[in-house]
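Several structures are given next for inspection.
You will see subunit A twice below: alongside subunit B first, and alongside subunit C after that.
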Partner chain A sequence: MTTEAADPVEAVAVSPAADPGFLQRYGTTIEYILIPGAALVGALAVFGIFVALFGKNPLDLYFYMYQGAFGTWFSWQNTLTRAAPLILTALCTALPAQLGMVIIGGEGALLIGALSATSIALAMPWASPLVVQIAMVCAGVVGGGLWITLAGALRQYRGVNETISSLLLVYIGLAILNHLVEGAMRDPSSLNKPSTREIGAANMIGSIPGTDVHWGLVFGMVAALASYILIYHTVFGFAARVAGGNIRAARIVGLGVGKLIMTICFLAGGAAGLAGMIEVAAVQGRTNANLAAGYGFTGILVAFLARQNPLAIIPVAILLGGISASGGLLQRRLGLPDASVLVLQGIIFVFVLASDALYGRVGFLKGKS
Partner chain B sequence: MDLGKISRRHLLQGSAALTLGSALGVRPAAAANTTIGFIYVGSRDDYGYNQAHAQGAAALKKMPGLKVVEEEKVPETDAVEKTIESMINLDGASLLFPTSFGYYNPHMIKMAKKFPKLRFEHCGGLWSDKDPTNAGSYFGYIDEAQYISGIVAGYSSKTGKLGFVAAKPIPQVLRNINAFTLGARLANPKATTQVIFTGDWSMPVKEAEATNSLIDQGVDVLTCHVDGPKTMVENAARRGAMVCGYHVNQSPLAPKAYLTGAEWNWEALYPKFVKMIAAGEAIPNFYRGGLKEEIVKCSPYGEAVSAEARKHADDIKAKLTEGSYTIFKGPIMDNKGKAVITAGTERGQKDPELEKMDYLVEGVIGATS
Partner chain C sequence: MADGSIGLWTVPLAVFGGAIRVSTPFLFVSLGECITERSGRINLGLEGTLIMGAMSAYGISYLSGSPWLGVLAAGITGALLGALHAGICSLPRVNDIAVGIALMLFGTGLAFYLGKPLIEPTAARLPAIDFGWWSDIPQVRAALRINVLFLIGVAIAPILFWAFRTTRWGLLIRTAGESSDAARAMGYSVLWIRLRATMVGGFLAGIGGSFLSLFYPGSWNEGLSSGQGITAVALVIFARWDPMLCLWASLAFGGAAALGPALQSVGVTSGYHLFNAAPYILTLAIMIITCSPKRTLTGAPAELSITR
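Here is the complex of A and B:
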């Protein structure tokens, strides 16, 4: 960049304002960053007014939000820990969205993934930790994957609305989990908190070295990146987006829509199932009702805020992780109720959805030609 | 900003703040030398489990030299670990009360190991020698208060049919149901308790359904063991039934229908803990007690309680407070006709067998699975 600064003519030539080609090339990308950014700022401003109505100083609010989420190294770790499961559960909604499907059952796939991963770990006490961990990953992905494939199959072969069926499958998953945890798989010593036996300390996956953040974050980022490449840089992904754009046209050009639906649903559920496996292997060490902590539902919010873009899911998950990390500080310093964090999430959601109307209409981003 | 606009007013405000600051300057150093963190799983005004702890926290706020920070609705996942760390790192907490059962293992144990110089007190856990010594678990024999409620209910019921809305068939809950029923049969040997398990700690819809269904079957006195008794109390009162409360005093919700209730007495225990720490005494890692140790208490009698019932209940209450009375004294049969405590056997409150309770006594209509 120093050479450009030294040469004013060159600098003018590449400055965005002077080059219509720049906006033509990058206008859409700028839009994708600028519009959600503006929606976020707007949402924060409205939340500030809301908080001011409670007699609290909005500036204190912003300061504590920053401090609690990103202000210290500890806060960063807090934020990233909370973001880790959200990346994976968001993929459970974002991947089927490429096909135009609205899947909101990530929570169920997470629970089934956790249950499958725990079962396989308990079934192989003789194996070395690495083998157990690999088996748990496979079991988690397959368990969660089949769970969402069930919703996909109901839609493809029986015409059942996948949104409803995936949501209802959450409650079936939870019931299966409770039934097994309180019955066949119960550790008799878990008296007042029915749980399965523990998978054992040796089989746990630890934290990323130098941090408190567990490996789930890396799993999530890799999965998000892989999904992005799959959707935007492969023939399979292209076919999926074509089918998502116009399913009849896709059928006419001979795309196997059924196969696409099944595969995408399996991958989506697999991501959420992996999140469940990580909750077991990195946090809880066993399966019990604590796993139904709502990560699957927050993931839906993350996917929609990221406009179903797998890569955008990463920063959005970190943002929501930060909001939830700072929520504690808002309660403790400002005396706000826990629900205020939900209010903020709601406001952001409304702003981002409403900002959809702005794409392609922001004048200065259109370029001159 | 125009410098001229930093007016006299601002200057005056600034200098006023300065004088105030220097006048009060010595105080912050002297005050608030201990920060105590409270973590609740639900909302702290739930008329139930969490409110009982919040009342204990409120008692600490009144003591000089203490600062109390609180966070509600913290799930039983690694979120609670992060909340604990946040209270330590950002608020300087040195004594922590994570109050929900599921916080204990692995979450609080992990934090106690990470911060060996700080003190952790957990409600309900079963501390064992394997756990860190800076961690402790406390709980109360609230079945003593349930026994008193049972006596009052036995006298007050016209139909002899009592109802119990319960969360899960785990030892703590079964012990309350059994104590309530044994108490009721002291007053009316023919009394029965019909129990309905909702399956989880906070299920307002199911709790309301259970309440209605019990009343439809002729039950005229109800009690419960769920996190928030509000639903049961309000619905039962609306239907004209009488209620015995749980966790905290719910008489403000149903002044006419409220007979008595089994309450936690954390307002007495928490200041006691803090005084013990200040005096350099060690709090026993495994801390338990009932009416005698003032860890539990009974709500004041409602106007509908007869003189006969009051006399009998007061008599037993006095004996329990003295420590000269045993509730689980053989012979006790379960509701399938099997002798669970044989004649001549007395199971005192500290008997570990009672912590494993898995039966319902004779007179209870219902099943544990």
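Here is the complex of A and C:
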């Protein structure tokens, strides 16, 4: 995670552009697409070898992966449904990364956001659906936001490493969720799978017309777009990137680093909390341990693969959503264990990080400068 | 009724016995991470190493019938994952924390994938030594059934403490961790030192995993480790990179983790999940108390990216 992820617009502004050749102008952008792309292809190749060791045909594997992810309208809808929470949990890692922080606790913020959203929906049974939904969004964002702000505050005021604290908060959040779901908030009729009461069919947020994809996808895309504008086109975002690049310089020019950290962490956690709210209000209808499905952890991978760029998160989340959507088909047709998606994600992650070494070294992209 | 005769003493006794049982994985992972971090690199992937170790130990023990072969296999698996971590980290501009996160996910996924057929069968488990033979009370005997791995771990801590201070290898690891320039000036390859330190760290963490699947809880399933690895990494920071403090801290964490099951055994079931989260809450609380934004921690290796 080098913080040199300058956006293409700035890169052009910096270079004197005496000879605005194509490579010079777009070399960095091409690099940011080509290198992760190559890492992805490499990871897929290694995964193909891996399944070949278990006697499966890698070509079948790639075919079914494509079929399960993007082959039919049905699989596209499945993919997009899974991409929605991934966009939001990826923002939970990508936004703090602008400040040079590594937050990996999106799963915890998702759970707390889901819990807050469910609680507020259950507390206001008299209200109209729209009011309940707005309240749920607010509760989810605030719950998740405060959860990650805690990790940010500990970093800023106590010097506690945010990577470790945010991961510990995942386990604490899961314990709180289990405690409430099996205790105070338990629906007595949920016997095998302890759950809260349902928020009610009227309060569910429903699907985008003409599809089975819920509105969460739109929520996620809007959040990613807003984050992109915030980071690259506002003074606040500029300040955040300055602080991420050189925290001492940021202090010297008088930026309130503490305030930046808290705000960014709140927004990051809020995004993951919103993902939790969406999983409740669009998929599960209630809170239970099913919510800990690993979206928070896959989100970390999405953020790194997108090189922490909020806009790039959208296509990458769709890609990773596709990989996870194809898991079912791989299980049925090839008899691969459900964990094969996790293995592939791990391999991709390793390749993407190793490919960091390639930036600035790909010969033909260097241009003439 | 032996149960009635010791009454409420059941809880501290169960916590004591649990501290010894539960602390063993913490102990091995934290000692391993201690070696790695002293060489100037942090390996967050030990969570994945722990789970891979547990799976491979169980698999090899099941196939060979010998749990000790399983322990060895777990160690070798851990060392290989450590070599992978060190190998990727030795590439230019690659961040060790991020690689650790990647290997955490990779190790977990791979263990679940390969371990799928191992959920059903029962593997040969590690034997325990009965230190409670003198007592008639079953709870005392249960608490004092101690595994050899625990004793090995307890022995490794002072050996490491001594080795860091006096041996050539200890000095080299510390030099690489305090100033890679100094190590380079002396003609040593920092990457090579860190590779070996990470492999040894992975070896120990893998053995910690074998304890999980072969002794306590003593089976393989996908919920076997939930954050013990990462807690142990945090514990090294709390223990100030001192192997002896790692030992005491592991015992304290084991006790905290044993509190939930101990209370459950005497019928306190409310708040079970919260008691189970005690080690994480304790870790966080200790980090809040011992860290400071103004100075770097005493004893922290200067090259460590986590203490910047």
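Rule of thumb we're sticking to: the second predicted complex is superposed on the first by the 348 of 369 C-alpha atoms of A that agree within 3 Å, B and C clash if a C-alpha of one lies under 4 Å from a C-alpha of the other, contacts with A are read in each partner's own complex, and residues count from 1 in each chain.
Rule of thumb we're sticking to: a residue touches a chain if its C-beta (ideal position, glycine included) is under 8 Å from a C-beta of that chain, and two chains touch if they have at least 3 such contacts.
Since this is a predicted model, take the numbers as computed values, not measurements.
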item: Subunit B versus subunit C as contact partner of A:130, first or second or both or neither; value: neither
item: Which superposed partner A:252 touches (first subunit B, second subunit C, both, neither); value: neither
item: Subunit B or subunit C, by number of subunit A residues touched; value: C
item: First, second, both or neither for A:53, with subunit B first and subunit C second; value: neither
item: Contacts of A:337 with subunit B and subunit C, given as first, second, both or neither; value: both
item: Contacts of A:169 with subunit B and subunit C, given as first, second, both or neither; value: second
item: Partner chain in contact with A:359 - subunit B first, subunit C second, else both or neither; value: second
item: Contacts of A:68 with subunit B and subunit C, given as first, second, both or neither; value: first
item: Contacts of A:157 with subunit B and subunit C, given as first, second, both or neither; value: second
item: First (subunit B), second (subunit C), both or neither touched by A:202; value: neither
item: Contact residues common to both interfaces of subunit A (with subunit B and with subunit C); value: 178, 182-183, 337-338
item: Subunit C-touching residues of subunit A, taken from the complex the two chains share; value: 1-2, 102, 104, 154, 156-161, 163-165, 167-172, 174-176, 178-179, 182-183, 297, 300-301, 304, 337-347, 349-350, 352-354, 356-357, 359
item: Subunit B partner contacts - residues on subunit A that touch it in the complex; value: 67-68, 72, 74-75, 78, 81-82, 178, 182-183, 191-194, 212, 214, 279, 283-285, 288-291, 293-294, 324-325, 328-329, 331-332, 337-338
item: Residue ranges of subunit B touching subunit A (in the complex, touch as defined); value: 43, 69-79, 82-83, 85-87, 89-91, 101-102, 106, 124, 126, 168, 170-172, 199-200, 355-356, 369
item: Interface residues, subunit C side, partner subunit A - complex; value: 44, 84, 88, 91-95, 97-99, 101-103, 105-110, 112-113, 116, 226-227, 230-231, 233-234, 237, 270-274, 276-277, 280-281, 283-284, 287-288, 291-294, 306
